[in-house]
Amino acid sequence: MTTFRSDTAILIQQFLATRLHSESLCHPLSAEDMGMQADAFVSPPKWHLAHTTWFFETFILSPLVSGYRVFHPRFEYLFNSYYNGVGEQFDRGKRGLLSRPNVDEVLKYREHVDTAMQAALQSPELFSEEDYATVCERCVLGIHHEKQHQELLLMDIRYMFFQNPLLPAYDDSHSLDASSNESASITDIRWLEVAGGLVDIGVRASDIGEGSADFYFDNESPQHSFFLNKYEIADRLVTNGEYLQFIQENGYDNPECWLADGWSHVNSEHWQHPLYWLYEKGEWYEFTLQGKQPLDLTAPVTNISGYEAAAYAHWAKARLPTEQEWENAARLYNGDGYDGNEALSNHDVSLSSSLVEDNTVALIQASDSAWQWTSSAYQPYPGYRPEAGAIGEYNGKFMSNQWVLRGGCHLTPNAHLRFSYRNFFYPDDRWITAGIRLARDVETARNVEVAQ
Amino acid sequence: MTTFRSDTAILIQQFLATRLHSESLCHPLSAEDMGMQADAFVSPPKWHLAHTTWFFETFILSPLVSGYRVFHPRFEYLFNSYYNGVGEQFDRGKRGLLSRPNVDEVLKYREHVDTAMQAALQSPELFSEEDYATVCERCVLGIHHEKQHQELLLMDIRYMFFQNPLLPAYDDSHSLDASSNESASITDIRWLEVAGGLVDIGVRASDIGEGSADFYFDNESPQHSFFLNKYEIADRLVTNGEYLQFIQENGYDNPECWLADGWSHVNSEHWQHPLYWLYEKGEWYEFTLQGKQPLDLTAPVTNISGYEAAAYAHWAKARLPTEQEWENAARLYNGDGYDGNEALSNHDVSLSSSLVEDNTVALIQASDSAWQWTSSAYQPYPGYRPEAGAIGEYNGKFMSNQWVLRGGCHLTPNAHLRFSYRNFFYPDDRWITAGIRLARDVETARNVEVAQ
Amino acid sequence: MTTFRSDTAILIQQFLATRLHSESLCHPLSAEDMGMQADAFVSPPKWHLAHTTWFFETFILSPLVSGYRVFHPRFEYLFNSYYNGVGEQFDRGKRGLLSRPNVDEVLKYREHVDTAMQAALQSPELFSEEDYATVCERCVLGIHHEKQHQELLLMDIRYMFFQNPLLPAYDDSHSLDASSNESASITDIRWLEVAGGLVDIGVRASDIGEGSADFYFDNESPQHSFFLNKYEIADRLVTNGEYLQFIQENGYDNPECWLADGWSHVNSEHWQHPLYWLYEKGEWYEFTLQGKQPLDLTAPVTNISGYEAAAYAHWAKARLPTEQEWENAARLYNGDGYDGNEALSNHDVSLSSSLVEDNTVALIQASDSAWQWTSSAYQPYPGYRPEAGAIGEYNGKFMSNQWVLRGGCHLTPNAHLRFSYRNFFYPDDRWITAGIRLARDVETARNVEVAQ
Amino acid sequence: MTTFRSDTAILIQQFLATRLHSESLCHPLSAEDMGMQADAFVSPPKWHLAHTTWFFETFILSPLVSGYRVFHPRFEYLFNSYYNGVGEQFDRGKRGLLSRPNVDEVLKYREHVDTAMQAALQSPELFSEEDYATVCERCVLGIHHEKQHQELLLMDIRYMFFQNPLLPAYDDSHSLDASSNESASITDIRWLEVAGGLVDIGVRASDIGEGSADFYFDNESPQHSFFLNKYEIADRLVTNGEYLQFIQENGYDNPECWLADGWSHVNSEHWQHPLYWLYEKGEWYEFTLQGKQPLDLTAPVTNISGYEAAAYAHWAKARLPTEQEWENAARLYNGDGYDGNEALSNHDVSLSSSLVEDNTVALIQASDSAWQWTSSAYQPYPGYRPEAGAIGEYNGKFMSNQWVLRGGCHLTPNAHLRFSYRNFFYPDDRWITAGIRLARDVETARNVEVAQ
């Protein structure tokens, strides 16, 4: 899962920085916030802090470090997310009932594990060469696992606060000023033509960098050939303003736009607009981590399900790209790839306020953008094989019924911004920061243009 | 609902003592505990603190105190339990999602309302005579409303902690020593014969005392005639040991013992023993507010549903008493009634450890006992009429599908221990501290004795 | 359960007439109608025919008739409704999946059992005296059991046809002519005052007649004393026209009228009018066994839940009577009781079209009226004890969560029209032909009159 | 959707033969069978007969035939399956409640439409050239639509009869003799190696034949290039005997074998074996259209979900093929394709009793075999575009969350046996006759062989 060979000092530094960052994300939260679970698909912030710790304890300290004493014998059960190979798990939908351990105890648990991890990393002499390599490899995996949870943590907090009629702000340091964008002119979507043919898909050397960034998840591999027809892809994401037009032209009432399963959701869950949009006294707002804000019509639409993304695309006489089309176009139009090596401390959790990039053909809009639903079902790449044992449950067993998303959003850790990264969610998931990039067949494109 | 005429100083003292007691019950809790809701039928401790405050603000301060400013405009909505006359209510099942307001804000809310209430009570000159009487009457009602919530608070805490595999103790000041009871001999149930005939049922002057105890809920009135056949009633409650025999003789597998609706619950919810019983390595335990404890076989069985109470009674060749039988017997065998005027500070929240009373014919086992399921459906007494307006929703609208319980348990405030008090829950509710007192027809009793 | 001593010839005649009548009720039905089940609380017509046959086979032929061979070994399981004492039951909600046995086989099953029953009844010499008495007693019970199912059958057919957008008519021999009633003037409700005091409630000799009518269900006994306050009761049922006024004055939108559990149903099931009412192009219709008909405003309102009955009563500044008030008033104002001995063949299944009776103070409007919701929970009378064994499951185990209805409707077999008959349904049941008779406290009555 | 050019006489003949065949499939059914619906995902036989008729009326007769009078105005609503473009649909889960129209009326409906269809087909002079071409094209589509329903009809009947404890046989003309197969030796699976590379996928001229067989569904097109790694595929399906070994080695208890969503189903629905297997007194049976039969260990396992197929493959150290691998291998190893042009009357609905084919490398086991789950999500082929209007809802809107199955089973009409046919179901569907063909990566294959 990693080709890791790294300097221990750098690894320790990255480990500690990641661990610290998770805790710093919780600073604006009260103890009650830390324990709250709004639905079965989200987790309490405290649980994220404990589970990421559990990962290091379960896969490194307990099996590999001689003499390690677990912090609490029941935590293996309480903070196991879904690893059947480790054992039974506490009911996912009831994580909000774990008022104990309280925040202080969870922070002590983190400290206990961090201390033991540092000691282990600093003492290769206590391990066989193979075991020490495993310790380091799994440490890198644990770091990236925790980074994924940092992003989830912020998406979960937004969702949880949205349930509260008081609409609390996670970050009230500033209000977004959408008015400054009102005059901003959004250029029409430009269609970038891609030749296709037999292309290479999947992680390659240039996707990964130095140190802990020298990492990828197993689901990004192996690299393989894939044949693509000629296609066109949009140079930017669909905006709130464009999506509003879909709503105003009755997109949510027109079954013709929708996949059958999507139409069922529209009706059973009464979807009428993106998850966080609010309509009050003739004005549209969006609930953000900064609280309720006027809807920014020039920002990319987000927090829509895959079904909504597909319905919008149908309405716009286009379609969603496949994940292969997305990756291929991204490699072609973005030169040297993401700036994934920025310092962690620079990460900005503010909501996107702008679509415009210096790089005017930025296919992947980095830190102020959105994950992009593809039309591809999440399935293994040809030749993919998960690792043996519980750690093999990380990715492989989820390869059914979910859709692939590509790109990244303003909450995504920089280290996860790369061409080959495959995110995946169920097509009815809406609490994730996901939006729409359109694609179309070349022939279709022509016909549509003629028809207009 | 009250015949209240009282000295203002006493009323203020009782108001403050009640308010203080609610907060003191929360001292052992962490902030996360305060926000936790384990199921729709229980509420977070923090919510209890806020809702009881809401009651004073909504029914006294806002409508009657000129110039009163509400603490927060949304609290009317957030902390309304079920008063449709007041307006919409925040979804009962989602109270656990209100991480905000946090505990500190709720305590400030309490302080704000307490200050305003004191000022109002001390200033009769600011009101018309009728309005001031209403202020005082509703203050008494609010005090007793809060006392009911104090009992619910403790039952809810026990239920919530039970969801946590760590089985936390609310009160870890001492462990119960069930072993000391092992040698305790429980005398067989003695059957007290009651003549019946045309008796008076419902609240009367001797049930209520001085000061704020000069109070009863409207559902206890009006007093009325009721005809009873001759019957027998047990002199004590059914013990855990006796109930264990019912389990061991397959009571939970024998449909003959059960009401049809009860049998449905046994099967759909897999009831096999009282809610808080645990069976581990051949030993029975009970989860209590002091954590997991060995099951005390001499203590009264509690935390069973009404269906289980009725099934046990059937198995024991007896039945549950009607509420009229219970009240009539209680008045006959308990002389001057409950000792309901003890100081609040003396209230003991420890779990019952003993059935034996000095008063050997104590029909109502006071501070260390259990609510007692009757066979009576909760319905209005003849001539009952609820008050007009939202405050009339207090009792009247619940008079369907619930069963009456009589007596009181070790968590019940002393001021609610009286012969005429009518508690009520759904027959499948199990998180309440309710047990079994048996009754039987006189003729039946004879036959059974002959048959043995 | 019966004081049966009868002439065998009469019993056989009644048995055969009852059996024949069940089949004749199915004549208008197609084979597909016979197998259809619209919801778990109703049964397919074919199932009613088989289950009533099962009753005779299970409780008489199999246990008491030497050498009897069951028609099919699996029918004991398939057609057991709820007798746990007999064994497991086929899932109630899946009776509509039993396309086999088909109608012809069920009719053969009936013939097989009828032949065996006749043979048994005609051959007392083959039994001990006690066994023959049991055969006869259970035969009478089986006859009355089948009569109850005849009524259910017709209510179930109406409910089933209502699910079909084609709105088929069970009986299309004639259309109801509501227009003839339009000019009919309905006199205002007159309030009959009843003195109350200590009265006798429950079945007595005058309630039961000769032959098989010499019968009552065990839940009607034993007779016992009951104390009633003075009260008033309406001389007729509430009409569709009166109920329409409740709707038009927003009764379904006003929580103040409703019991809390009723209000939940109004909101979750979107009740806005009685079950069978239809509103089309500005006109009200009612779906009946004769198909869709204009709503007769002078007929009694029916097919409302107990919650709706109670809400209407609250809105009308009255209440529902208790079952004791109902029975006591019925005995006082109806002289010699129901005309329950009419020939079965005279029974009229047409929908009620008139409220007016020759007997102008008819408290119980017999063949063209409705069951009347009382406010009483269905509970055992003092001293009630069910029979031992499976046959004791007939009534006793249902004595929780249901409400008592009194009277009878146009679908009720004459033999079940008596003062002491206790019908019972859940308060949210609406497919039964049940309506409203109002009562009120005497004092309340005065006040309301003054207020108007 | 079709490249139809055909002689009218042949078309009429095929139309009538297809229509007749649907009715003949219902001959063994009683009227009650015809109306029964066992679950929302199956339909009553009568409904299949009506809906296939509705298709011709709705898409041909009503829009294109001047002066056509619909048989019944409400049938458009009652028998619309899922075409939002046509209008509202009667609730899918309630089709079993439509006892009316009865079977006779549905047969009259069929006759009415058949007559009008024949008249239309025979009278090109009454249409414009374009309209007549549409009539013919849609007639071909309607024929193949009905053929799909013929297969569903038989699968639905089996599922419905399985709900009945009497386990009725649809076809009791003969019992299967599994014992004759007991001595049959099943050769070990042989792995056929396929070179892969850039291959053509999708329908081509050789897949379709003469007359109405000159047809394919739009989801099979367009033909396109696809790159395949080298792979191996099994020469036959997995047998009941092999699957039994998976069960006996605790496959259903081992989460390691399962996709996460599959494991959820195993636990929530308590899957322990294929849908129709029965274990009684130490022996395995299978419920078939011929009733309960001894399990034939040499027959292909069927009626498993896609999750079970994938779990078995994991356990067998293999995987499911992708749909492209399946199609490519089928074309390579089966020469001239299916024998899809046999007369309809030869179609055999008996359950498969043998795996052995004359053609020993038959990749697609035709008339006595099973649909084969692939690992491919059902998604549009590159360049796929559905037709405009309601008829475009046929395939396109289902392209999410389902899996592709390839091949065909003994119930599949011959005209649907072709290399390019794409069947699709949800991965938890089990009532379809679907089994397992294994595939594996070439490298994996080697490793496994070495490991053994």
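First chain written, first letter: the chains are A, B, C and D, and each begins at residue 1.
Operating definition for what follows: contacts are C-beta pairs under 8 Å (C-beta built on N, C-alpha and C of every residue); 3 or more make two chains touch, one makes a residue touch a chain.
As the structure is a computational prediction, the values presented were derived from the model and not from experiment.
**Student:** Farthest chain from subunit A, comparing Cα centres?
**Tutor:** Most remote chain from subunit A, centroid-wise, comes out as C.
**Student:** Look at interface C-D and say which pair in A-B, B-C or A-D is its repeat, using the rule that over half of the contact pairs are identical by residue number.
**Tutor:** The chain pair with the recurring interface is A-B.
**Student:** So, what's the distance in Å between the C-alpha centres of subunit C and subunit A?
**Tutor:** Roughly 61 Å, centre to centre.
**Student:** Could you state the distance in Å from the CA-based centre of subunit A to that of subunit D?
**Tutor:** 38
**Student:** Compute the distance, rounded to whole Å, between the mean C-alpha positions of subunit A and subunit B.
**Tutor:** Going by mean C-alpha positions, subunit A sits 48 Å from subunit B.
**Student:** Please output the residue numbers of subunit C that touch at least 2 other chains, ranges allowed.
**Tutor:** Nothing qualifies.
**Student:** Going by the contact rule at the top, pick out the subunit B residues touching subunit A in the complex.
**Tutor:** 30-36, 38, 46, 74, 77-78, 90, 94, 96-103, 160-161, 163-166, 168
**Student:** Within the complex, which stretch of subunit D touches subunit A?
**Tutor:** Those in contact with subunit A are residues 82, 84-85, 198, 224-229, 255-256, 258-263, 307, 310, 375-377, 379-380, 382-383, 385, 397-401, 427, 441, 443-444.
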